[in-house]
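Look for subunit A in each of the two complexes below; its partner is subunit B in the first and subunit C in the second.
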Partner chain A sequence: MEADATNAGVGVRTLGGRLAEGRLVPLFLKELTQLGRNRRLVVMLVVPPTIQLLLFGFALNPEVTGLRLAVVDQSRTPESRQVVSAFASSGSFVIPAQFASAEQAGASISNGDADAALVIPFDFAERRVRGDTATVQLLLDATNANTAAIAGGYAARIVESLNRSLLAEVPRAARPIGLTTTVTLLYNPGLLNSWFITTGLIGTLLVLVGSLVASGSLVVEKETGTIEQLLMTPASATEIIVAKMAPLLLLLTADIVIALSVARIVFDVPVRGSLALFGVAGILCVLSGIGIGTFIATFTKSQQQAQLMGFFVNPPIALLSGVVTPIEAMPEWIRPFTLVNPVRHFATISRGVLLKGAGLDVLYPHLLALVAAAVLLVGISAWRFRKQFG
Partner chain B sequence: MTQGDRPRESTAAPVERLRESAVSVRDLRKSYGTVEAVRGIDLDVSAGEIFGLIGPDGAGKTSTFQILAGVMAETSGDVQIFGRSPVEARPAVGYLSQAFSLYLDLSVAENIRYIGSLRRLGVSEIDERGDHYLEMFDMLRFRDRLAGRLSGGMKQKLALVCALIARPRLLLLDEPTTGVDPVSRREFWDALAELSGMGMTIVVATPYLDEAERCGRLALMHQGRLHDSGTPGEVRRRPRLKRIRVRTGNLEAAERILETASGVRDTQRFGDSLDVMVDETDGGEAVAREALAREGVDISDLRTEPPTLENAFVAVLRSLGGEIVVPPFPFDRTRSPVQSGKVAIGAYGVRKWFGSFQAVDDVTVEVRHGEVYGLLGANGAGKTTTIKMLCGLLGPTSGDIELAGERGSLRTAEVRSRIGYMSQKFSLYDDLTIAENLRFFAGVYGVPRGERDRRISWVLEASGLVGRESLMTSSLPGGWKQRVAFGASLMHAPSVLFLDEPTSGVDPLARRALWKMINAMADRGVAILVTTHYLEEAEQCNRLGFMAAGAIVAEGSPTQMKARMGGRLLEVQVGDARRATLALREAFGSQRVSQFGDRVHVHVDTPVEIAGARIRGLLAEHAIDVARLDDIGFSLEDVFIDVVNRARDSGGRETA
Partner chain C sequence: MKRIVAQSRKELTQVRRDALVLFLALVLPQILLTLFGTALSLTVKDVPIVIQDLDQSAYSRAYADAWRQTLTFRVVDLGLDEQPSEALDRGVARAAIVIPHHFERDALRGVPADVQILVDATDANTANVMRGNAFGVSATFARSQRLVAPLPIDAEARLWYNPGRDSMRFVGPGAFAVTFALFPPLLAALALSREGEQKTVIQVYTSSISAREYLLGKTLAFWLVAVLQWAIGVGVLYFFFGLWFVGDPTPFLAGTVSYLFCCVAFGVMVGSAIPNQAAAIQAVQIVGFLMSFLLSGLIFPVANIPASIRWISYFVPARYYIELSRDAFIRGGGWPAVWHIPFVLAGIGLVFLLIAWKRMRRMQVSA
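Coming up: the complex of A and B.
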């Protein structure tokens, strides 16, 4: 044993050299045994990712349905009824009541009885017959700006498709009816569905679970005092941290498979590109998570503290990633910060690979960013651990 | 043994019979599933008594306490507290469990008020009683301090005040002083003596035998049964053994010879002496002298001393078949033992600052190969910081440290492969089995593959766990875990060994087995540094260093340390120990007088005859009968408390 140590020298010792000395093996075995025996951990690796994917996949779907539309049809002509029925049959709007005047409809919005109002003026039919632009008015409850924007978008689409069918029907009436609306569209709501959410959410979950498990397994050694015992063995801080991270990486790789399976089976997410690329990105994401967890563990003394600190660190990572809220919807000044967020890059790669079938030639900047994030996070946390205990 | 003895005890103390019965237990049993924790105990405690339940972890003490406190139901048997059931008697009972709950972010007064309000007492009443007890325990000046910033002993006393606030008639204290340093422990027991004097009944569990000495009566609890109850004096005398203390230059040889000499029942090695237990009727001294002379071992001193409580308990436990035979360590025969005498651990002018707080101040220590060095100190004296620096876990702010022949870089794998370390909090992985733990440590320490199985089975044998190696470590009681941990730290045959409080919660027999192993290691040239709160254990070290306020304030062998004390220690056995204590405190000062059951210890400076006459005179004035007055000599605890108090008073250190 002593002879081995001297032969290996104090210089640059390779991982292979360390393995030959045989310390990594027992450390690794110990971690694996402990992880294997930790039922809560196994549950934590499987249940929350699955449930969250299902939950968010279904619940965070931003399609709006069943908006209550108050209709004021002052024209009362077949033409105006055509517009009303286009709204009613879209599935996005239901029409609970008709009103005589725009004022009454407005009052019903402010009472909260309706979310929007459609006002069709007296001269609607006449204008159409004359071939002028016929105008309808849409009033939106903008209390929830997001819903209002989406509703506005729907209305625009409904009217557009109505125009198209009218044009096809009556080719000589070259003038389309118009709908004046001042709603700005931030993104096309139709594209935002469960595919978009789940492909991005996988990254959030990998980082979240990775950081929780890593901080937990390290902090518990600090809490029970076994870390001192470990540090008094010939094992170096680097060996200890490597032996801590490696089994976690192995286990969490299973999470990538689970998450992708859920997305594939439940939400029918396609896999159009290279699974290997997706896998590599996933592993880098897990590594970033482990890095974050280890980093948290070096700052905390108990599992409780580590969890609280996790609450502080993880939500910004999840929210500033473009997984749920588009980055383009964030204020200008905060957007650069999302560039250092591994989840953002993972989401881009994941969507690119799974939905678009994009390859490395397009996605390499994001993969490089992910590599940089993983190396940096693992490096900094290992350095902090060594500084604290080495 | 217990049942049969009771009538005899009552004749020994006829006064006790007249007192009201506080606790009466008949054939109490408690089972958890198939595990029988309490296996039929009988217990009688009179009002105003301090009754000690002594026993190792897992003996059933805590279960008994929970039943007495009325917080857990018994499986069978009859329990009466002041003639009522435990649940009915609950308002009259104060219970301090092992994990008592002080609110560390509340002040002393706020803690008391909170507990008082739970008992539905008025604010003025709470404050009045609280202040009364705080004053009694010398804590009134800390009224507004946060509980979290109190020392260990103070916290314990605050918990006691909280338990007292409802004026209980019976106090149940479950290991109230575990992890508390000797100075605080003595203060705590002084407070208990005071309460008992005021008529309160106290039942206390403790693993410390020096604390057992302070009980009026005690019983040894072992595997759910009570054995050997009586006053400390009765218990000590019961095995009918004589203790012969041998001092010699070659303890190892002397122990080897006397262990097997005829008539010798037991031997126990201490730091600079050897205790030999012989039957009371035997020749004793002459036998030992002869045996040693035959083998040519020089004796520097040999005398008969009264047996200790530990001697008595060891005799009882042995008769119950709890003996642990420690097999010899399977040393690698190709490696020669380390040269004894060479410096293994050296600290030279070591200081450590944490910000503006100086934790360690100019510590210089040398521990040589083959030596057992004990580092003692009150909580917060800087012991843990010092040991962390010595073993390289923490860098000193200034000063040099030498470890296993290495200076400078102590954190190399090479150095650490020669060091064994057992930390205080310990240190085995609860979620691994015993065998997995041992395999892990053998692997990570690089024990040669061919040796591993042999070393692992040695640890299992030495800790009495053969055949149980696939048990989950978390299912072991604390004391057993300590033993496995100790074995684990020895597996790679280190040449330097750090043991941070290795025996807390370990029963006397296991502790002896542990010290046998420590001594065997030292005989092979291993340098051993031990920290402990336990002064009986400190007796086993070759050399001791006492720490106070970050500095080593005294150093020497146990005998040298005791010789440092000026004056003598007299033990006075009296009819009314409480009144005697009060009277003597007035004359000698409260620091110098402590009550031990029905005896009072007085530290005097004048020659024994003069001091004895003065004590007798004083007690005669108060009409207190003196049954006996003995010159008993100081215990290490007396020395320790004296040294620490003096260092505290002078704010500096004395010359070693």
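Coming up: the complex of A and C.
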């Protein structure tokens, strides 16, 4: 036990001594020059992340407008036309065609020509006149579960407001509505999905680009054999790996700035909290990515192999993060896996800082999780590298 | 023709001998398919909410119970001296319901009692669904407690094709299409760019095979691999997603033949254009996969994509195949709904192959 402690002490002292000898700094500078000369790498750091942010931000739009509604008005009365025009003027539905029977409207849904159908029965006006509740039928194509849920909600709101105005016409004898609901949307009142996507996607990009670049730059040295030359120098494996990671970290930090600028300028994402906290979380994400990349590099012999290995690692990181789809929508058994994903924690911090204006007092558990992930991933990969080449 | 068959047999032998490629070809697509299916759902369950009951009456408790009974929401406790908005700031709840003072008295008197609902709209889509649900819970409660007069109009919604609004059923066919937009082209691109990278393509140039035969041989080989992947994928859809053909499967089968051809042709095009395996992988990943993931209607309908980039989706094969597989597995519209798709896909595939041929036909090493 004591001997261990002394050994550790000696270890720290020798590491300090090496730093003082100044071997790490020249190595670091060598790596930085090498990276700077690599035009393709610099392009890779800037172009794909920017394009992906733009594509994801613009293309993933859940807004449901212009639903095609097939109308079957069997009543053909002023009362029924009132319902049809309430749907038509809502802005959520467009009415491409009227049909004579529910079967025909159903066929147009099944051909994909309509998303929903509204059927107003023969006795609609009669029941209205008698003061009974008149029922209309709404057929929804639930192939897309999400769109159907939202379309159903829109229809309910249209009918509710129509009811409210119809009840207002009735003399006060009828019982008034005793309950109203006011919904206030916080943090993102315009319901802009791009705010949700881009704030999380920055984390995915930092991890994925970090791992790609790290594995690439290490594997190239393995492929061309220059790693042997490095190992022949007095530098230790630890120094080599630290000198390899540090410049990457520096370069990828620029990616944090680029990504945030795109989100800010193109999508108008607000910055309501501390940018420093966001930056720290971003750096931890980059470190996790570099760790993953180095880890992959120690297992592979060529760039092509390293990239194929990425197919095992990247999809779970990207998908089990709550970046594109909410974690609450995943099956329960898979949710615990998201807890070990650094991107998930980054997304929470990023959304907390940028959209909610939350601070460290609220977000510290996620920051700690990110620190743990980064330390663990960098530690394991450095250990594997040392074992392989030390 | 004989040379085409010989070329593709050689290709298949190579695939069989490479363990990594074999794994990529047969196992990874199915893993990704299940992962997509589980992770890409949008139907939220157990969303945490807090309720602040300022009235503490029988009525307000009944209203709170109405929220507890939904499957979408899960009521978590609000701290003693915590404001509802703080719970949203801390992220412990996604919505907060504030029941006002005198809720019971007002409701019984017929004075509108206003329930305040704060929704964390960070996730725009979930917020939209939660807003719809909130109106629904209140309306159902009001009706059950006879707080409103008999309504003049009642809308009765019926969900067709997917009555349980099961998201897996929706995502399954889409994930199926996107998986095949990634792996068959990846294998084909790797095989072609390897020949370019290792310069074995020079041997092809000096042999008696023509560029046309060479490309068609490769396409045929990887098309066969893709068919095998596809067959396993259908098994995954059946056992994992519980999906099977509804109605006539022939349009789907015809479309599959051209879709797989189209995907492989894309890979052949990329592989013949880029004689570097690492770069070819990236090209397939970014162009093929990303486009299929984002511009195909996998998560949100294509109609929602802004018009300025929506036109790109017409060139994304997965867009058509998603439509086709959703029809085959969920809607069952059959030929009248999707007759054009097999032709469109075959057309796009031919264009890819033509581009590859234009590059290869001189069979010269470019300096």
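We take it that the second predicted complex is superposed on the first by the 305 of 390 C-alpha atoms of A that agree within 3 Å, B and C clash if a C-alpha of one lies under 4 Å from a C-alpha of the other, contacts with A are read in each partner's own complex, and residues count from 1 in each chain.
What we mean here is this: a contact is a pair of C-beta atoms (placed from the backbone, for glycine too) under 8 Å apart; a residue touches a chain by one contact, two chains touch by 3 or more.
Please read these numbers as outputs of a predicted model, since none were measured by experiment.
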item	value
Partner contacting more residues of subunit A (subunit B vs subunit C)	C
Which of subunit B and subunit C A:Leu231 touches, first, second, both or neither	first
Which superposed partner A:Thr77 touches (first subunit B, second subunit C, both, neither)	neither
Contacts of A:Met330 with subunit B and subunit C, given as first, second, both or neither	second
Subunit B versus subunit C as contact partner of A:Thr253, first or second or both or neither	neither
Contacts of A:Asn38 with subunit B and subunit C, given as first, second, both or neither	first
Touching partner for A:Gln388 - first (subunit B), second (subunit C), both, neither	neither
Subunit A to subunit C touching residues, read off their complex	48, 52, 55-56, 58-66, 83, 106, 109-112, 128, 131-150, 152-157, 159-160, 162-163, 166-167, 170, 174-189, 191-193, 195-196, 199, 216, 302-305, 307-308, 311-312, 315-316, 319-320, 324-326, 328-332, 334, 348, 351-352, 355-356, 358, 362
For the subunit A and subunit B complex, residues of the former touching the latter	1-2, 4-6, 10, 21-23, 25-27, 29-30, 33-34, 37-38, 224-226, 228-229, 231-236, 390
Subunit B residues touching subunit A - in the complex, by the definition given at the top	391, 393, 411-414, 416-419, 421-432, 436, 439-448, 492, 498
Residues on subunit C engaged by subunit A in the complex (per definition of touch)	20, 24, 28, 32, 35-36, 38-47, 85, 88-91, 94, 106-129, 131-136, 138-139, 141-142, 146-163, 165-167, 169-170, 190, 277-278, 281-282, 286, 290, 294-295, 299-301, 303-306, 308-309, 323, 326-327, 330-333, 336-337
